[in-house]
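Once you scroll down, you'll see the structures, which are given as structure tokens.
Next, two complexes with subunit A in common: one pairs it with subunit B, the other with subunit C.
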Partner chain A sequence: MSAPKFDFDIAVVGSGPAGLAAAALAASKGASVVLLDEQAEPGGQIYRAVTETPVRDRKVLGPDYWHGAELLGPLRDSGAAHWPGATVWSVARPREDGPDGERSIQIGLSRNGAAAMLIVRHVILATGALERPFPIPGWTLPGVLGAGAAQVLLKTSGLVPSGATVMAGSGPLLWLLAWQYLQAGARIDAILDTTPKQNWRAALPLLPGFLRSPYLAKGMKLMLEVRRKLTVIGNVTALRADGDGALKSVTYTRNGTEHRLPADTLLLHHGVVPNLNLANATGCAQRWDEQQRCWRPTTDAWGATSVEGVSLAGDGAGIGGARAAEEAGRLAALDALHRLGRIGREQRDQLAAPHRAALDRALTGRAFLDTLYTPAEAFRAPADDTIVCRCEEITAGAVREAVRLGCSGPNQAKSFLRCGMGPCQGRLCGPTVTEVIAAERGVSPAEVGYYRLRPPVKPITLAELAALPKTDADIDAVFKH
Partner chain B sequence: MTATVSTRPDVIVIGGGLHGCSAALHLSMRGVRVLVLEKDHVARHASGVNAGGVRQLGRHVAEVPLTVASMALWHRIRDLVDDDCGFESHGQIKVAESEAELATSHARVAELTALGFTHEEVVGQDELRALVPAIADHCVGALVSRGDGAAIPFRTTFAFRRKAISLGARFQEGGAVTRLVRKNNLWSVETADGGVYEAPVVVNAAGAWADRIAAQVGEPVPLEVIAPMLMITARVPPFIKPVVGATGRTLSFKQFPNGTVLIGGGLLGRAMRDENRTELDFSQVSVNARTVWDLFPCMRGATIVRSWAGIEARMPDQIPVIGPSGTQPDLYHSFGFSAHGFQLGPIVGRITADLITGGSTDLPIAPFSIGRFAA
Partner chain C sequence: MFRRLPEIETAAEAVAFTIDGRPANARAGDSVAAALLANGITACRNTPVSGAARGPYCMMGVCFDCLVTIDGTGNRQGCQVRVAPGMAVETQNGKREVER
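Right after this comes the complex of A and B.
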């Protein structure tokens, strides 16, 4: 008999709200579940380090953050195996050629410097979101970083930037982070708001929906507080980071005039997009979402993808926020249980009803936010001299030149320019390359398509691969915990 | 005047891989009007994603005259296509890990010498170390072909296409050929998107799908669809110039000028040609990783950032099908390159053009006849 430990009914990838909720629910109904996350602690992006954070003053990160702790008890009680520090680099499409004809899905992962393949019957990908790349001239200078990356430092280490700090961009998370920094007593010299003026006109008809949103009151309070205490400069249409080896100043354009601010740190943010690399590499169909201006995997109401046995939950399937992610996780878990024959269809639907209602509530008003905070085209498809692919240092101009040579989409751009072929596998350039090619060709991003990604979706070392254990006993030896 | 010129091509080439593009180029150079029909886009399959190895080393003896003639074209590739295709010639090396393997290499050189070819030679341990300082201590020598090298696949295939277009060839992408009918000495070629094209002559360069074209005209071939895999590492400091393979195991190992290292060599994933898709098999990739671990100790800490596989046609005897159809007039085949057809691209296009415009070629292509599979 082989050790059953590396053989589970369900693997959940990602321990943010979606993954935590999915794993806890699936395991509580008797399925054998493993929850995998590359981070050392559960929580995902929003509840990052919720069990460990040195930020003891609850006011700093706000009550929403601390809700994350409430998801951990049910997970512990459920009996799900929890493997933190496990990076999933491949999820193969299911095969049905095992001895019993049962569906088996092979997952490649690395943990503690060793690689292993895991066999499961269903996978729920809850890989969350990534900050949308915000390419401006100078964004590769030391001192310029994503606002989300800066927030990770705050949550995990209690660190805030020192020196002159400027925030720039658009979207709810930018305001949230500014507010968290205010609470933490950090210095913010200015917020440069790049939300295009005309977005208001487009968003206004969607306002009634937003007025019923659970986020409205919270969001308003937070924004008012930030506006009262910080300098907010609106209608910013162009941005540049300057410095020689390190950031020195930020130049911005407002009403056609350039202004300059000294800065040691520039925090950039204009929204988040689904982290779809794993789903894409697994072969899940995806579509262009015009409202959120991003690619998202195609799913049904339960998060099921075009690949049997692989479902998605949370921001990785389309941006909906933490509460929506949590409920979507539960729906995906119930559907997985049903597909594995653990619960009947009626039972699934019955158990799902309250979660579906909660999901709908959580998504109320989303369309307004998506429309209002659509980033300006100038930042989605930047000017020629701006680097878009940081791994290979490819500029927007080089991408446009490739289009003129006959490059019609991101995959050909890879072959022409090597962009998207570096260690980040397109995470930092994919959305921009799509936008630049679409704009240059004068067609929709839906038509130009997106990178075809391949495992490993996260770099692994040659040593890990060379030592890939062959048998369950080998795996046991390296994965004992 | 232009308005009345017939747009009917003289030759339709099915498949926009390197072989289809090369045939189109050589035909166009002779004033033949060519139309290339490609179901996806040019260089989408094997020709755009291969390892770029330009290798005479270790080839099947039947291929040696062709590979040597192709190498001559590679060394003047800019004259042919107005682009250097990223071709660099730092040699290819097949490492021997034991005296027995070295003996195999000596026998190989003797065989080639008897046939009159001198491009391969055996080197001992010292010379091997001079060529590849990073090689593991246990390696005893190698088979070397100094004129070999590597090029950039996508760029190469595109350069062939560009030059062919500049000479008048036309390319129609996005429509798969579904039917081939011959009436009144004319081929009528139908595509899935509703196109119908006519020409007196057809070239079947459809790569891993070429058996379907052959079957259309009553000429079935035992073609196997394979998915060779490759992986690439993050940049490491430059440490090697030649392309390295092994005698006793499968390997193709090469460093790009930007520092990344390409690792491949014959190991296969799964190919699903109807979906244009391949799936990697990491237990096989790990076999490759172990080979590199053994041969290049300095690579042990390297990071693999990407891997992929391409769809390729393999024939049972591992050599291609080149030449006229055995059942139909005015139909020529060029496929089944069995995972090593990139280097042959420049010459096989010329051979096909020779056959179409002159009825014969000066290179020995009898071993590649499709007739060898006839029942």
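Right after this comes the complex of A and C.
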């Protein structure tokens, strides 16, 4: 039986700000590093297509976007291997231990239609964020997209909506996209702001912290410009997308009165939550974050998780934004180097000091934003006729009915309803299902829990799995008994 | 409906491909999902459950609503595959067929 050879010391999953910074730093200190990413180009979603965006006019996407390009030089110089177009679908301990009994971790990935296994000593998951589900009646209609999706279309292809366009929701990304559309000369008919009035009261005590935030000036400038130039309708309390096979109109309620707008495109946004599927399936412990109203994997100050050899960096460990992610990536890399015996504890702490200070600065004022932009309960746990699980077309009403029949949490909802069992594996319904069940049972989301996920974290074909190279141990397992 | 920003339209390197057998053009670097939207196609499949029309929703590989058949292989995430010259993209009716 041959022991597995290590392909790399460290694998970093995700090439957003956290992953780029982590891979560059770890490799620059002599570790062999591979950076794995699903997209064709580095940058993650925030710096999406930064190397080759057709949007050359720098003022359209703004200076914060172009900062992403500064992370690429250090990555190239570091000698880290960068494998774009690689989907990681599992992270696990292999059956055999590494040479000399060293800890080893096996990564299942697919690339160019073929699957492969990598053996590494340490994994840094930098899987980033995804948009919080914003379930409203009609959100599955073609023509309804996430604001993040619209921003990806702008960054990668220079595409903007052409017909009647409505943006709806709450949170910094909504304002940023509206501002970028203004710079690009794109059409926006109205912005429907769903930020609940009472959030301002709750957020006010946290304002002093936000006044010291590096984001304050930028945020104010964006909002003032957008409000001056566009129709912004506040205090929107109910929202519906209508159409037959495609979006035709958007209906909203303001101060108790219903209004309707014609729309070809509706862009929805309710903030972002950690993309924790890979960490969850790897067995990393997670906890409910009441302030950000989402589940987040439990980490220490270095990003180390409850699973030995697996660290987390960036928004995948809790939402902090791009600059915070970058610094968290460097901290995770330094800790990984220390754990691998490349640097001593003292050296780690010394090298980490400026990054920790920068991380603290980047997180200043976060609590204010989290509180101000908490979505209203009516959108977190929507009305009965709203689809929550897009894959299996399960409504909030069906989930509530299942709770009345004894369904106690998201995992039970799978067997009651197939809710969360489709190809997206709960990414677009998980937070909503947790909230709906918690509200219906009258308990906290922490008690209700989240989906217990299993690899493969993204669907892969049987042909890909069957074509995996086999070790002697794999063959023995089948034929020796 | 989506349109290309003017300065990009003129600089575009065109990629010829087909949508359900009809000739179409995209820009090099477009994902298949972006190429469909640029060609006025907002719905790229209908669901296996109710048959409802769906189109790209997240553009980052999360939602699986942009599933299409690409060069004869079904269930491809249109937002994760780059459009290539001569590529045959087909909208997908229901679930993936056994033989493709």
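Criterion: the second predicted complex is superposed on the first by the 458 of 481 C-alpha atoms of A that agree within 3 Å, B and C clash if a C-alpha of one lies under 4 Å from a C-alpha of the other, contacts with A are read in each partner's own complex, and residues count from 1 in each chain.
As a convention for this text, a contact is a pair of C-beta atoms (placed from the backbone, for glycine too) under 8 Å apart; a residue touches a chain by one contact, two chains touch by 3 or more.
Everything numeric in this text was worked out from a predicted model, so none of it was measured.
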item	value
Partner chain(s) touched by A:Thr298 [first = subunit B, second = subunit C, both, neither]	neither
First, second, both or neither for A:Gly422, with subunit B first and subunit C second	both
Subunit B versus subunit C as contact partner of A:Ser306, first or second or both or neither	neither
Touched partner set for A:Glu131, first subunit B, second subunit C, both or neither	second
Partner chain(s) touched by A:Ser249 [first = subunit B, second = subunit C, both, neither]	neither
First (subunit B), second (subunit C), both or neither touched by A:Ala49	second
Residue contacts on subunit A - larger count, subunit B or subunit C	C
Touching partner for A:Gly406 - first (subunit B), second (subunit C), both, neither	first
Common interface residues of subunit A - those touching subunit B in one complex and subunit C in the other	422-423, 459
Complex contacts: residues of subunit A adjacent to subunit C	38-40, 45, 49, 52, 54-57, 130-131, 140-146, 148-150, 152-153, 156-163, 184-186, 245-247, 264-265, 275, 390-393, 422-424, 427-428, 458-459
In the complex, subunit C residues that touch subunit A	1-5, 7-8, 11-12, 27, 29-31, 34, 37-38, 42-44, 47, 49-50, 52-65, 67, 75, 79-80, 82
Residue ranges of subunit A in contact with subunit B within the complex	90, 92-93, 106, 108, 117, 283, 406, 408, 412, 415-416, 418, 421-423, 425, 454-456, 459-463, 465-466, 468, 470
For the subunit B and subunit A complex, residues of the former touching the latter	41, 43, 48-49, 154-155, 158, 232-234, 258, 277, 279-280, 282-283, 285-286, 289-290, 292-293, 299-308
